[in-house]
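Right, I'll just put the structure down here and ask away after.
Every chain is named by a letter (A, B, C and D) in the order it is written, and numbering of its residues begins at 1.
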């Protein structure tokens, strides 16, 4: 019985992330539009976009290979699996032990790997530019992320997200400088990873500044839909991750019954909303930076991560 | 004296002498070359008989013991193989007009005189006799080096002669001093020059006198060993003489001189007040290794290159004996034997190469493994062996030497290792050009016999993997003898 | 077991002789590779048997070879069994690949005799149980591979590569010789059995460690002793490159492990720091170098340096943990190292085979002249992709597992008592992460430029798929990469005896864990299940495909590339390898390699093309090797005057020596 | 052995050293040869005196050889060679005469320092004799090093050999074999030198070693 319940929770989680992802994207867009004194499209617009794209035929460049067509599905799968393992409204997911935080980051890395390859498949200059910049950003963002993971894991003594989240709900963790540094660094990494301003602009088509859009330039139809979905999922994943790690309150612990799950779901939605608003405000209030300033930005994140880890050693030994 | 009914020691000495006399008068190169091989072969047989069939009692003049039997067998063996090589090699020299028939007759006679000299030096039980024999061998090689009578050959021979003569003089002075030291203890007369007697009574000698004697002997015979800074004659003598002589010089004469140094080292070790010979030998050995290693880099002449490599290896051997101890001495002996075999094999190969290409200049030789696979790969194998790479015999000796001395004298060993590496770098650089890359120069097949070269390399290869028990026991005895 | 393995080595040596005799004969290739394949497969089987069911007492075989009074000792314990398995697995695949690939070999007589000898040498190193046999096999291995590097000796670059290689190999061997000399002591206790358990003072242990690091590290390709590796590995025929990169570096790692973990015994705590620092530097610099390469095989060779660095980081952790008595953590780190050894041998062989296939199909190693091969070589490209994903440490393939274990080991560091280590380990962990991320970039670039896009040359345009045997070898390795990625628990358990031997501890048995998950310490701390991740990805991807094709559009229209509305037909407009690397070059290489870009822009009206030149300096070469070479050259020039002195001056030297020695005598106490 | 015996031996040996210095100082070839002949005569006298003192008749043979070959035959031959080659000009010395003489003094001091370490119980004759012989050897070597001309180098070498003979003669009871071999080697040495000088003239038109230097190895 418990197993079935657990399976249900896991299934619900998977469904929730898949369903909520476009909504979050739409929500952020809407808020941004309002902040820019536009009315903006409906928050449901991403769903409509997806549906439309799915219905359309896919136009594929003549020399595109099987990789070009397979990559979107692989990306969605990898991102989805990763997102499904991040506690959103409840911890103690049945399959959470199949991948820890490091594995989740690596799964996202897989998705990126295929995206970059897909960008290079047709053999256009824009695809290459995007792939090249994406990998440069990743080469800084991933180590920064891992250092953040180190900070968290060393604090919690575990790399299991569920364990960390549970531990952080307890009051004895308290406020720590290193955790603060980790939070700042994680936010910076999340911005970079999701291609948000000031790193990249998901709404741009100014060729020389784009990264993500350059890679997916040749995609259309259902393939593009998959890629958009994967991007939304990734955004959701990062917001959930930050929420689960730094504001874990309200997460339903295993075996606490339906009420707790309901509470967890509501708080989760609230956290998403807050995260979305903050992101929108941040994006609206800042200008995009030149590509070659990105390393400085991410280097700062990297340093913060390292500093957090080292400070942890200091505080531990005291 | 033994069961075979003939005196093997006498045979070892008289055969070359008789051969020399005969070769001096017989005409015709084919006949003399074969006779030369025959005589050398018989000498080898006599030496083997000496090993197998007991040894004569040490007399006033002659002695065969564990130490010199190694040298005798090696000497006669390489003498024999070189004569085989020479038989096919020298015909080409005649055809190409570098030698006239008269000189060829002279060459063969001198070859046997030289063998006689070296054998005599090895079996001598008398420091005076040994000195005479070493000088005889030296002087004959001087003549052989100059035999082409080109400007360069004469210059090399002259240099060899002058430096050799000074060495002769210094060694004689040392010999006189040894006699002077021995006389108060042993008494006047011939007894004071007999090895076996000297060694027995060495403890009573005047240390100061023995020390000075050793300095003179080390420098005198060391000149012939080719130790830096007394080495100057060696590269040119190797480079300008006929290749068989280069092989014999590197493979044998250096050993004979080294043998003399070792004998006197034993004498000094037996004297409580004598200076430590180890540091002197180690210093000179290291100097030779380093100097030769550095000099290898700028060589353009193939034979001179390997001549410097001989200096390097003599340095290693002297270093080993200078360090002493059972393992290092074993390594030194093994290294000496292996170096003789390998280096003469290399010179055989180099001789073939030089004849094919018509030059000794390395910039005009290339891609040998492509044009002459057997020769090219043999050269590769030889250089690989001489550089101390496995599975060849020199690897074993270098392994034993370096591994056993490092714990005792780390700094010295590191210097040695640096020298080895430097030398290896230079040799390999040249080998790359010689054996690999685009073929250069003439590609005509060689008409000479590769058998001696293969035989040497096979022996070296076998020794690197497996040393027969008796040989090992023999070496170990000698190593213990050397202290 | 030992006897079987030795018999296999004997067969390999005999095969080398066969290769010598039949080198130019067309039947030589199948004969040599066939025999090699059989021998290595049998040897692999025997090694695996020794791992799975270790005999109660490791059997030692003594042959009357080598040092006469010692004999040649051969022994297979858990550690050597593992490395034997790695060696022979790689070797078997190389032979299989060679069966097909060898057809394109233009100089088979320079490959066939040496390849089996090379394999035999590697086997012998791992089995040897005395210092002499070990070094002999070690150097024999170098020598055989040197001959293979010179297989295409007419190319002057290969000649140079062979030269640098063998000199560095000799350097390493001499360092190892000193190491073993120290371990054996002046009385020559050359048997490994005699070296174990000897009390050594701290200074001695330090020296041994440093020398072993130099000796084995130079063979393994640790920075700064790596310079030969990117020259030599690509110069050889591709299956030999695979062996050199995938297997020989592992033998070098074995040498280090054997000496430092087994023979040396306890080492000071900071020894781990040295290894960590060098490993971390190698990992990052190696992959940075790789990112800058345009020669596909050289890129792979540099990536080997990175992976060796990762292994050494893990080994450094194991050393640090071991010297502090943390057996469990040490076992974790050590297992990570060994697992990465295996994994790297798998995917690096696969990638080199792929590069070889590309080379034989296009005669081109320069990626700037490749492209679009995914259409012409579908099987090769798919398998190469598997290798790329694996080496980029992405789940669910095997590269990720070992890196994940290494990270888990890093996370054990807070329990270390020493400050230095506690600060250093996380920093090195960061380097490891950086290396992994850069590896991803590197292999996106390698695969993307080589196989994707449009062909950049006529040769790439005319490429065709390679023979079936080559593909079979690559496919086998690809499958193994996946299996090792999704079933790591079995491997970890199989490695436990080796870890026990080296660090005196073992990881918890993974057999007992449900669902084939791996749990290094405890489930609450970390766990990973490659199988499940693989199944999830496969399931969700198939689900997405099915759902979309069932319920949404499945129509596809082929059209010209859009390219933002400006499609240019020339393939030259594609991103090149150089431009792909540019952002990373600007970020990292301007510091690490002093990379400078120079643009030559002709004035307006001048029809000449603008040129961008990139200038890079290898700091290691500039600051370490170039000065040494210059110094040797300078000394050689100075000393060379000694060749041209007059006789009088030579006499003067004799005279001065005499006077000097006499003065010594006069002053002798 | 009386004091007189010792004194005479001492004086003769000292005379050899002195003559070695004169040769070092001498910078004309003919004069050098003459001094060398005198050197040989003194050597012969010294050896003869030793023969008398030690009551060793075979040493008279050595003395005779020294007198005949070294004092007469060789200088004469060298005279002729010089005349035939026309090189009776001045010897080019390396470094000035002054420094050379100073170096020579140093060498004598060194020989004494080395030899006087020998236990004083040893016969003083042998001890002093050896010190002088060593000086002569070293001075001969010094001469070879400081001269450029082949003939004077040969002379230097032969004066070095004189030192050897002096030492050998001073070694009481040393078997004849040594003297024979000394003579023998000198003979061979001279023959070979002769051959070489002949060839060198034939090839190079000069015996100045500068000419040979052009053909030192590898400078082709």
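General observations
Keep this in mind: contacts are C-beta pairs under 8 Å (C-beta built on N, C-alpha and C of every residue); 3 or more make two chains touch, one makes a residue touch a chain.
All values derive from a computational prediction rather than experimental measurement.
Counting steps between touching chains, the shortest path from chain B to chain D takes 1.
With chains reduced to the mean position of their C-alpha atoms, the one farthest from chain A is D.
In this assembly, the C-alpha centroid of chain B lies 44 Å from the C-alpha centroid of chain C.
Centre-to-centre spacing of chain C and chain D amounts to 68 Å, using the average Cα coordinate of each chain. Centre-to-centre separation of chain A and chain C, using mean CA positions: 35 Å. Chain centres here are Cα means. That of chain A falls 78 Å from that of chain B. Within chain A, not a single residue touches two or more of the remaining chains. Within chain C, contacts with two or more other chains are made by residues 643, 645, 647, 651, 654, 658, 662, 665. Counting partners per residue, chain D has 114, 117, 141, 144, 153, 212, 216-218 as the residues that reach two or more other chains. Taken pair by pair, the chains that touch are A-C, B-C, B-D, C-D.
Residues 643-648, 651-652, 654-655, 658-659, 662-663, 665-666 of chain C touch chain D in their complex. Across the complex, chain D meets chain C through its residues 94, 107, 110-111, 113-114, 117, 138, 141-142, 144-145, 147-148, 153, 209-210, 212-213, 216-219.
On the side of chain B, the complex with chain D involves touching residues 128-129, 131-132, 135, 139, 142-143, 149, 151-152, 154-158, 161-162, 165-166, 168-170, 172-173, 175-177, 179-180, 183-184, 187-190, 192-193, 206, 208-209, 212, 235-236, 239-240, 299-301, 304.
Interface of chain A with chain C (complex): residues 54-67, 69, 73-74, 76-78, 80-81, 84, 95, 97-100, 102-103, 106-107, 109-110, 112-113, 116-117, 120-129, 131-133, 135-136, 138-143, 145-147, 150, 153-154, 157-160, 163, 205, 207, 217-218, 221-222, 226, 291-292, 295, 302, 305-306, 309-310, 312-313, 316-317. Against chain B, the residues of chain C that register as touching in their complex are 64-69, 131-132, 135-137, 139-140, 142-143, 150, 153-154, 156, 159, 162-163, 166-167, 170-171, 174, 177-178, 180-182, 184-188, 190, 632-633, 635-637, 639-640, 642-643, 645, 647, 650-651, 653-654, 656-658, 661-662, 664-665, 668.
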